[in-house]
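So that we are looking at the same thing, I have put the structure below in structure tokens.
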Amino acid sequence: MTETTTGATRATTPTAIQMSGVTVEFADPLGGTKQVLKGIDLTVPAGQFIALVGKSGCGKTTLLNMVAALVRPTTGTVTVGGETPKAARRNLGFMLARDALLPWRTAQGNVEYGLELRGVPKQERRETARRWLEAVHLGGSERLWPWQLSQGMRQRVALARTWALDPDVLLMDEPFAALDVTTRVAVQEEFLRLWQSEQHKTVIFVTHDLGEAIALADRVVLLGEGRVLYDVEVGLERPRDLQTVAGEPRYQEIYNQLRSSI
Amino acid sequence: MTRELEEMTITAPDNATPVREPRRDPAETARRKLARRQTTKVRALQALLLVAWIGLWQVTADQEWLDPVLGKSPGQSWDYFVGAIESGELWTNTKATMAAVVVSWVLASLVGAVCGIALGLLPTVERVISPFLDAANAMPRIALAPMFIVAFGIGMTAKVALACTLVFFIVLSGARAGVRSTDSEWLRLSAVLGATKLQLFWKIMLPVATPAIFAGLRLGLIYALLGVVGSELISAKDGLGQLIASYSSLFQMEAVYAILILLAIVAVLLNQLMVTAERWLLRWQAPADV
Amino acid sequence: ACGGGSGDGGDGDSRKISLGVFPNSILSLPTAVAMGEDFFGEEGLEVERVDAKTGPELIAGMIGGTTQIAGASTGTAFPAMKEGQDLKILPPFQGETKLVIATEKSGITELADLEGKTLAVPARGGDAETYVVQIMEEKGLDPSKITFLAAGGPPTLAAAMANGKADAAVGTTSSAELLEETGTEIEVLASPHDDTAGDRGEQGLSAFYATTADYYEKNADTVDSFCRAMVHTMEFMADEANKDTVVDYLAEWVGLSPEAAERVYELERDGWFTELEESRWQANAGYAGAPDVGFDHVVTGCGQN
Amino acid sequence: MTRELEEMTITAPDNATPVREPRRDPAETARRKLARRQTTKVRALQALLLVAWIGLWQVTADQEWLDPVLGKSPGQSWDYFVGAIESGELWTNTKATMAAVVVSWVLASLVGAVCGIALGLLPTVERVISPFLDAANAMPRIALAPMFIVAFGIGMTAKVALACTLVFFIVLSGARAGVRSTDSEWLRLSAVLGATKLQLFWKIMLPVATPAIFAGLRLGLIYALLGVVGSELISAKDGLGQLIASYSSLFQMEAVYAILILLAIVAVLLNQLMVTAERWLLRWQAPADV
Amino acid sequence: MTETTTGATRATTPTAIQMSGVTVEFADPLGGTKQVLKGIDLTVPAGQFIALVGKSGCGKTTLLNMVAALVRPTTGTVTVGGETPKAARRNLGFMLARDALLPWRTAQGNVEYGLELRGVPKQERRETARRWLEAVHLGGSERLWPWQLSQGMRQRVALARTWALDPDVLLMDEPFAALDVTTRVAVQEEFLRLWQSEQHKTVIFVTHDLGEAIALADRVVLLGEGRVLYDVEVGLERPRDLQTVAGEPRYQEIYNQLRSSI
């Protein structure tokens, strides 16, 4: 497989995502405003896998939505690959806790959905989709409807859908939260394998699970009350074995640090 | 069978495995065979019921339980039916009725579905106009007949218009309810993937609303028939309703019965057609029970 | 006041009658006059009027027991009797009053022009349709070239005439006046009052009253009282001295202006009679396509003594 | 507002927190205040629409766009309305109509709900008889009027019977659909807890079917009104439909319009009543949007 | 708290559940029969906490349903507290993966449901329910509807409902499978605390998660193809700390044994 440095060591790689002095306010439905992000400065080098953790309501999803151009910063700037988030959308992949599969499309159709919206011709679309379903070990299940898939298979289809667009930047909002423990580990492994198998994509991965954050990411950022409370390089070597990574001392160390600051 | 869920009437497999095999495998074909066998049983029972009902009708006529004007036998109705088939009277009038049913159903369904989806997307507009819709829907259509005739004349157009006023509201409320079940995550995802408004409508809203629209379409088809026939009963040049009206005014109830039964058969066939179309279009839905 | 058909075929209070009529029509004018002048009360009857919208409904309501006596016509009573319903026919009888009319703008001026045109009738296959057909046939014209249009009740019919969806129609003298009053210029093509309606116009019956044989057998007295009240009504209506009163009744009942009501009155005042000859009955049975319905259905001498 | 979901029309809070505060807290009261403010806005818009509509009607009458038979002004209708209120004509007839509506609605709803739940519980029976139900539902009610008159006379009973034939099928199909959403786990749990059949019906089946039954009840109420008025139009001693029919035969269309508007108001009020009842009875359901 | 012996050491305690030579066959919908349980002999002493693990479809739920009198054995006998399962139902508690809360009842109403079915008078019912909601730390949430509760809170209500009936035997079919990791640990702790806080109830606990089985139970039974493949006493001392129990050598030992036989 490819080289496995952590993102942090490549100080010279180009910047994928850049936030400077970002605040986000929402109009409070009862009048007034509520500041959700209170001055975020964050630089994500291209190819880095960054995990975002923090208490519920601390603004993780808001931050992600900002990168996806679903929320505009009140002050400050956000650039994605040097462009505005809106312009950068074509290089963006997005994955959510609930798989968000369209129930009226087969596995194949769901993987094709993004390609279809972008006007990729039918033949190419079909082949790409098939290739990515193979890649997530769902070859042969192309023609099944979402209800015929288990939760783990569904999330793997969502994975294929995201990957089929070949995005430079991947935004994932608790993508595995809805899975039961066994399936979860399997899909995490699948995901890590995909990510490691090619030129690394930049990933922002939101999760509630500290263990998952440390085991998967190059760098863990802890948000709290709209600020970055903690920003740490994981520094565990890749490829990682998810079964055993929890035993490593570095894992335990970061875990305890995060646990105490949360 | 060892399983007993004594007090229960619905028994669902309690370990519904999430992964179902694709359609082609042997278990699936066996399941289909089973389904076919059950269908045969159902059909047999239906035939039995039908025979029993005709028998009852015959007895009612024989025993003169009804007034002589109303009490006609199945045989008398059959005689009319055969005669009317031969004279072509039934065929031309059925054609006239069905043409109006189809036109009104298609038209009102299209408009109703679009308006319903629009209202589902615009909750404030919906809140404002929904009492007006309720009010309009509560208008007794028979009382409006004179206005329809002035506006559309006596003919196809008036029938279609009257039936449309029924079907429109039924399909509209189905579509409106359907859009409500849109998952906001689908919209978020589509937005990030760069979907245009048109793409959102065709690729998300319409499929989402389809099951509910279908429920409306099925009921709407029955009401299209009711509306057209009702309109023909009041005033028309042709059509089954018009036939009923004239036989009814001559107290030839055997003919009226025969035509009503024909209508019932048409309704059942139309409904069956809808079920088939629905099953195919909604094959992506998990079956309620297997 | 509610509570379904009283259904008391005479077992209840036999001096109480529910009387089914076709309201706001010249055909039920005798009822309006009798009730207005309390002729029923004078006979010790308590009459409740039950309005119906169509002829068949009148018969159905009577068979179902909601009414004991109801207005009837050639077009409704004969088919019912033909289908086995035993009815008794009561006076007064009203001679033919149906006109064949056309709108002025249709350009129709005589019956022959009807070929190829659209003629509105209340319901297909009914009495109005056969009326036109029989008149046409008698005059050697071809009625099969007319497009008959079931137009339902008066407002729909009027609307159809007004906006040209129908060129011609069959209506009573009063409904023709009503059409004129609401702004539709009309041309009379055939009328029983000037022999242009042939045999049918002369012999035809447009209205009478009926009861079920069952009720008649059990309540002959009540029925006779009803007839007596009606005979009294006929005498009252025929009396020149009461002309203004009757015209007022007519104007109010049918919804005409006094002038139009008076014109109608002049045409119709001799149209009512209380005894019927068998030959005329048989002729009407023929018109209605029920030649086997015998004269024994008619209650003769009812209320005459 | 910084948030933009440009291409989307439905915006749902995308971090719907699972735990909602109990009703009494200050955020809730503030939310209610907001809701009330919005309601005021909606009411104002509705009033505006109403005024616009009456204006349009007035213009139509002034400009004589309609046939003189049909073209009456709002003022004429209002005059009739005031007169009829004073004479008590409207009141007695409205009472008669509403009595029949309530009776038929309650009766048909009860029977329909019970039959619907039963059919939902017995899928094979349902498969066998559903075409017969479709056939029965497709009978044009106006054509059956003579039979209703013979069977029930001209009066309350006939109206109720006719309206029932409409409402029954609507509520039935709602209840049938409702029962389908029963979760088999609830049944398993109840069985283990030793529930009797009666307890299952009252404590599981009925609550499960309630939302769907309510949808049926709402539509059913409108159709009860339509059915009763329709029956009165054809034949009745009293009721608003009977009034419409007689004014219509006298060409007094201003009275007809006034009564139709009264009917519309009644329908809207009845519907509002149902919405309120529904909101209270179904307060256990998660709100579609907050 | 009370004494904390493992069930296995109390050889003299009465037997709660006794299965001998139990087989279960289902009529195959395509004709023929299918043997799901193929001769099970199992004795569960009163007060024992037994975990049932095994591959999907191996018959765990079937076994549980048999004890709950929802499935009748084809051959062999099952007794619960010396009675037939049907008769013993009044002493039975039942808990499922999906909480099976009735959405039209408040938290309080759901806890009362079982009591109501058994005809407990209103006042008593209300008090019992309130007490048990307090016990699962949901005092103050009595009047909330299920949709107003988080998944973890819902499962705690289900726990209270089960406990409120004060059953002698508890049947639990993957009760925590639907919970996310964080919530799961919290509810497991809650459950263990309840179980340990009083006279132990007999528990049959079905789970897919080997770790959960070992951490919670006195004894782990591995089913496979309708037979008992493996039956082991856990022997970890109580009260256990779920945070650390995974570190104990005995835990690792059983885990590996089970892992290899599955």
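For reference, chains read A, B, C, D and E in written order, and residue numbers begin at 1 within each chain.
As a working rule, a residue touches a chain if its C-beta (ideal position, glycine included) is under 8 Å from a C-beta of that chain, and two chains touch if they have at least 3 such contacts.
Per UniProt, the chains are A, E = ABC transporter ATP-binding protein; B, D = ABC transporter permease.
Small disclaimer: the values here were computed from a predicted structure and weren't measured.
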| item | value |
| --- | --- |
| Shortest chain-hopping distance from chain A out to chain C | 2 |
| Interface with the most contact pairs, given as the two chains involved | B-D |
| Averaged-CA centre spacing for the pair chain E and chain A, given as whole angstrom | 37 |
| Separation of mean Cα positions, chain E and chain C [Å, integer] | 84 |
| Chain D and chain E: spacing of chain centres that average the CA atoms, whole Å | 47 |
| Chain B, residues touching no fewer than two other chains | 5, 14, 67, 69, 146-147, 150, 185, 188, 190-191, 195, 234, 245, 248 |
| Residues of chain A engaged with two or more neighbouring chains | 69-70 |
| In chain C, residues with contacts to at least two other chains | 54, 56, 60, 63, 155, 159, 162-163 |
| Touch list for chain D against partner chain C, complex | 67-70, 96, 99-100, 145-146, 149-158, 233-235, 237-238, 242, 245-246, 248-253 |
| Touching residues (chain side chain D, partner chain B) in the complex | 5-12, 14, 38, 42, 45-46, 49, 66-67, 69-70, 121-124, 127-129, 131-132, 134-144, 146-147, 150, 173, 180, 182, 184-185, 187-188, 190-191, 195-197, 200, 219, 222, 225-226, 229-230, 233-234, 241, 244-245, 248, 256, 260, 263-268, 271-272, 288-289 |
| Parts of chain C lying in touch with chain B, wherever the complex brings them together | 54-56, 59-60, 63, 75-76, 79-80, 82-85, 120, 123-126, 147-152, 155-156, 159-160, 162-163, 165-166 |
| Residues on chain C engaged by chain D in the complex (per definition of touch) | 1-7, 20, 23-24, 50-54, 56-57, 60-61, 63-67, 153-155, 158-159, 162-163, 178, 182-183, 255 |
| Residue ranges of chain E touching chain D (in the complex, touch as defined) | 68-70, 89-90, 92, 94, 96, 98, 100, 102-106, 113-114, 116-118, 141, 143-151, 153, 165, 171 |
